[in-house]
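Just so it is clear, A, B, C, D, E and F label the chains in written order, and each chain counts residues from 1 on its own.
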Amino acid sequence: MMPDLGKYAVSVLSAYGATLAIVALLIWISLRRGRKVQDELRSLEGRRDDA
Amino acid sequence: MIALLIRDLRLAIRTGGGFGLGLAFFLIIAVLVPFGVGPDSAVLGRIAPGILWVGALLSCLLSLDRIFALDFEDGSLDLLATAPIPLEGLVGVKAFSHWLTTGLPLTLAAPVLGLLLSLPEPAYLWLILSLLIGTPALSFIGAFGASLTVGLKRGGLLLSLLVLPLYVPTLIFGAETIRRGAEGLGTATPLTMLGAITLGTLAVLPFASAAAIRINLR
Amino acid sequence: MIALLIRDLRLAIRTGGGFGLGLAFFLIIAVLVPFGVGPDSAVLGRIAPGILWVGALLSCLLSLDRIFALDFEDGSLDLLATAPIPLEGLVGVKAFSHWLTTGLPLTLAAPVLGLLLSLPEPAYLWLILSLLIGTPALSFIGAFGASLTVGLKRGGLLLSLLVLPLYVPTLIFGAETIRRGAEGLGTATPLTMLGAITLGTLAVLPFASAAAIRINLR
Amino acid sequence: MELQVVDLGVARGGLPILQGVSFTLEAGQVLVLRGPNGIGKTTLLRAIAGLQPALSGHVSLDPEAVAYAAHADGLKSTLSVLENLTFWAQVYGTTDVAPALQAFALQNLADRPAQNLSAGQKRRLGLARLLVTGRPLWVLDEPTVSLDASAVTLFADAVRAHCARGGAALIATHIDLGLQSDLLDLTPFKATAMAQGDFDEAFL
Amino acid sequence: MELQVVDLGVARGGLPILQGVSFTLEAGQVLVLRGPNGIGKTTLLRAIAGLQPALSGHVSLDPEAVAYAAHADGLKSTLSVLENLTFWAQVYGTTDVAPALQAFALQNLADRPAQNLSAGQKRRLGLARLLVTGRPLWVLDEPTVSLDASAVTLFADAVRAHCARGGAALIATHIDLGLQSDLLDLTPFKATAMAQGDFDEAFL
Amino acid sequence: MSFWEYANPKRFMALSSAALPWFTALTALVLSVGLIWGFFFTPDDFRQGSTVKIIYIHVPSAFIAINAWLMMLVTSLVWLVRRHHVSALAARAAAPIGLAMTCIGLITGAVWGQPMWGTWWEWDPRLTSFLILGLFYLGYIALWEAIDDADTAADLTSVLCIVGSVFAVLSRYAILFWNQGLHQGASLSLDKEENVHDVFAYPLWTCIIGFVLLFITLVLLRTRTEIRARRVKALIARERMA
């Protein structure tokens, strides 16, 4: 069910590919840093604190 | 404030020569570009206005990072901030003395370098005029950038990064004035805009810079 | 010496990002030139090799002035000179870490900027190759200049003045390689010359620089 | 001229380090601040000189009345001793630098560029600056660092003369200056960690 | 380890400032240099550390045996205390920085960037560097500047321990360190203006 | 109770932790609907062929890139005037997203330009202004990273953001004066007759909404991280003091 992209297939797919890659990277970085900082905070506070 | 101006000029001359070196850098850019681009004078003449303005801009930039940094490092800035001079005045004087030691000599030297780059004849007047009107803006914008990065070790490069996008309008109108002048087109619009930018930065940026310095000294 | 390399890289990263900023400056030059010169892509493509090399050179130059200056100012250089590391090794390591933080990233980023300046297609390979071979020479020549001006306040501009003439051969051969590559001509001669210059500076300049530092500390 | 500091709290790097500092300093008086390294003497003096905002409390004197001398001397290494001093005199709107040169025995060095001075000579020049400010309250951060015995005496004389003229001095130091002075130890004012509270507090 | 200085003359800025300095320093000994500001203590120490050539005379010890600590501490403000110290340890090929941290009570500050230290804390870090050099002769230029009383004691202890291990220390200072030491006043060695001789001499 | 109560970090943390899952779900839903619709179920344009499909990421990302800066401008002003920490931290959190969106806009535009205009890059005013915007983001982020005292950094970056905005507008005029270009005019204005055909417009609007939701979600997430990081710093400092 892949649409026929004709002679522009490379352009379109690379545009979508690059976008998804950058968005994924952004989300991954945000989540990873978020988790790291949260762990750090927890170990500092020495207690579970979801705030 | 006049004492401050005199001190800054004296320091610029003593420490390896404020004038001499900014100027030399300008010269060297004008010399290197033909080496890089090749000696074809049609091409050179075509790109000369742009290169001259970019060169002026980079020469300004290079001497910029030390507008406040030296005073910060040796503690003078702390002492000046407690002295009976308003910080806004301090910034204004510093930016002005920066212009006197770089912008002004650059303007005067530019025609000679225009020759090196085969700048077409009708453009010389506009070259001088646009630099004269535009370079004060470079100094004042630069002083703003310098006040943001004062106290950061090796702030020099960060400073360039911050300041260069701010230089874009000045650069465009400046180079455009010369290009139009060279082709005999009307130059009133870009010149007016250039003047407006300069006046605007002169009026507003010292306050922003003084605020930034105050924050940095805190 | 490895400890020294690691320290220098760490400092470069900590203090506002050695890599990032040298790179940013390169980017900004590539962006400003079209503003000055105008958007015509035929002209831009013609001057692109030269501008890219001049840009790489200036980016190197800007980060240069602090190779030894920071260490001199805070007294580390005195202490390093009395440490059991030969000064020649110190210079080599410093120049190498300078290349790692500027020359190498510049080389990797250059193709993207080539795009901005409409560099013709066949030239990209030569762009990368010539920068890869040529930039180490820039760092080592730069370290030599920096060791001559260490201890001078505001040595930055004097340094540029000293170093730029020394950069001329590298610049000429580097830009020539790309230009010939773009036109499909043979590039062997300029590339060989570039390589020879790099090897020569690598072999000889650390000794000259060490001597200069010794004299400056005296 | 009277400096009243009431319940002053100061922070460094976003962290409160001193709190509840109160003292009064009257014309003619010298107050010496003591305390171990890192207690916050420099920070306190900067707050009084108006270089950084206080966290809490009140300083009665306008920063305009304060001449501050920091760890660093603010000398321009390429200017001569005389030029350095004259510059500061002009900034403060005074004119005569001769007494200042004399008070710190700098006459012979007047034409020497500041970079060719030894550590102690630089310090003397930094202190001579105080005399040309014409301001009543001197706020000094370890003024006698690198000074030899005779220079310390010169300094003490200068402070005494200043007090006799109705000035006052607030000095942070670790060593004895040979001055008749009150003493304030900052150790008891060390800020205590705040109770673990909500975020806003933690941000301070 | 023995340092013999024989008839040493040193110059600064092309001008002879000390001449005929001779002394001997044996293992386990501390020698304190005294003299008014500007007499040439710093210059002499730099010559002994091999940073500048002597004008005349002879220093028996190789600069490789000397650990020099100057007015400036050579700290990198963005590196932490531990990183600064570890770097110097690696340069000198030693490995253990813990004793040095301990000797100057820096354990609690180990992870603090050097720029966030107070003046005295910086100085302590600068002195801790000496311990990781592993070199027998310490050449110290006003080491106790900015230090409070307890830090001065730490320093004196460190010097004593160093001497007990067979080291020696040469210290320029204006204040009393509470160390058992010999004293050398440099005032008598002040260089006299040379007799006007031929050009070669005059250029010296 | 005033609106500013939400600027209290604690309250913000509570609120955002409740809102975040909803936003995440909504973003995933809207974005996937929009992209799948756009990619799989729209016809090719008669002139541009299948490359029109790039519009569904190009336009939304450019839109976010521009408006993220606006949001940073507003939050910076709020920080300077009211000194709410959350405000400054939200600006800090948004900047990298803006930069990423700028990169996406540039890359998709370049990839689109290659078949349409026959060149990867052209010094067209809109493209050029966009590049400048990217530089502003870079400078802004670099300044945040370079200063380690949190309040100082917040103050200085706010000043930069405000001055930078003025110059960004100036640059836009300068660039328009310098070169009139190739780039598409507005194609989605509400009051214009010649809007793009509905077949393209509906999925495009969906994608724009999806990107806005993505932006909000990420800002919430990252602001929470920044607040925590700030608290970590404060706690470490406090520990050191004790």
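Here is the rule we go by: a residue touches a chain if its C-beta (ideal position, glycine included) is under 8 Å from a C-beta of that chain, and two chains touch if they have at least 3 such contacts.
This is a predicted model, so every value here is computed, not measured.
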item: Both-way neighbours, i.e. chains that touch subunit D and touch subunit C; value: B, E, F
item: Pair with more cross-chain C-beta pairs in contact, given A-F and C-F; value: A-F
item: Geometric centre distance via CA averages, subunit C-subunit A, whole Å; value: 35
item: Separation of mean Cα positions, subunit F and subunit B [Å, integer]; value: 32
item: Approximate Å spacing (C-alpha centroids) for the pair subunit B, subunit C; value: 24
item: Geometric centre distance via CA averages, subunit B-subunit A, whole Å; value: 42
item: Sites on subunit D at which at least two other chains make contact; value: 13, 71, 77-78, 199
item: Shared-contact residues (touching 2 or more other chains) in subunit B; value: 15, 73, 152-153, 155, 158, 161, 164-165, 168, 172, 218
item: For subunit F, residues contacting two or more additional chains; value: 10, 13, 132, 135, 138, 142, 146, 178, 231, 235, 240
item: Subunit B residues within the subunit C interface of the complex; value: 15-16, 21-22, 24-25, 28-29, 32-33, 35-38, 43, 46-47, 49-51, 53-54, 57-58, 62-63, 65-66, 70, 73, 152-158, 160-161, 164-165, 167-168, 171-172, 175, 179
item: Subunit F - residues contacting subunit B, complex; value: 132, 135-136, 138-139, 142-143, 146-147, 152, 155-156, 159-160, 162-164, 167-168, 170-171, 173-175, 177-178
item: Subunit F-facing residues of subunit B, complex; value: 144, 148-149, 152, 155, 158, 161-162, 164-166, 168-169, 172-173, 176, 189-190, 193, 197, 205, 208, 211-212, 215-216, 218
item: Subunit F - residues contacting subunit D, complex; value: 8-10, 13, 85, 149-151, 227, 230-231, 233-235, 237-238, 240-242
item: Complex contacts: residues of subunit F adjacent to subunit C; value: 110, 119-124, 128, 131-132, 135, 138, 142, 145-146, 178-179, 181
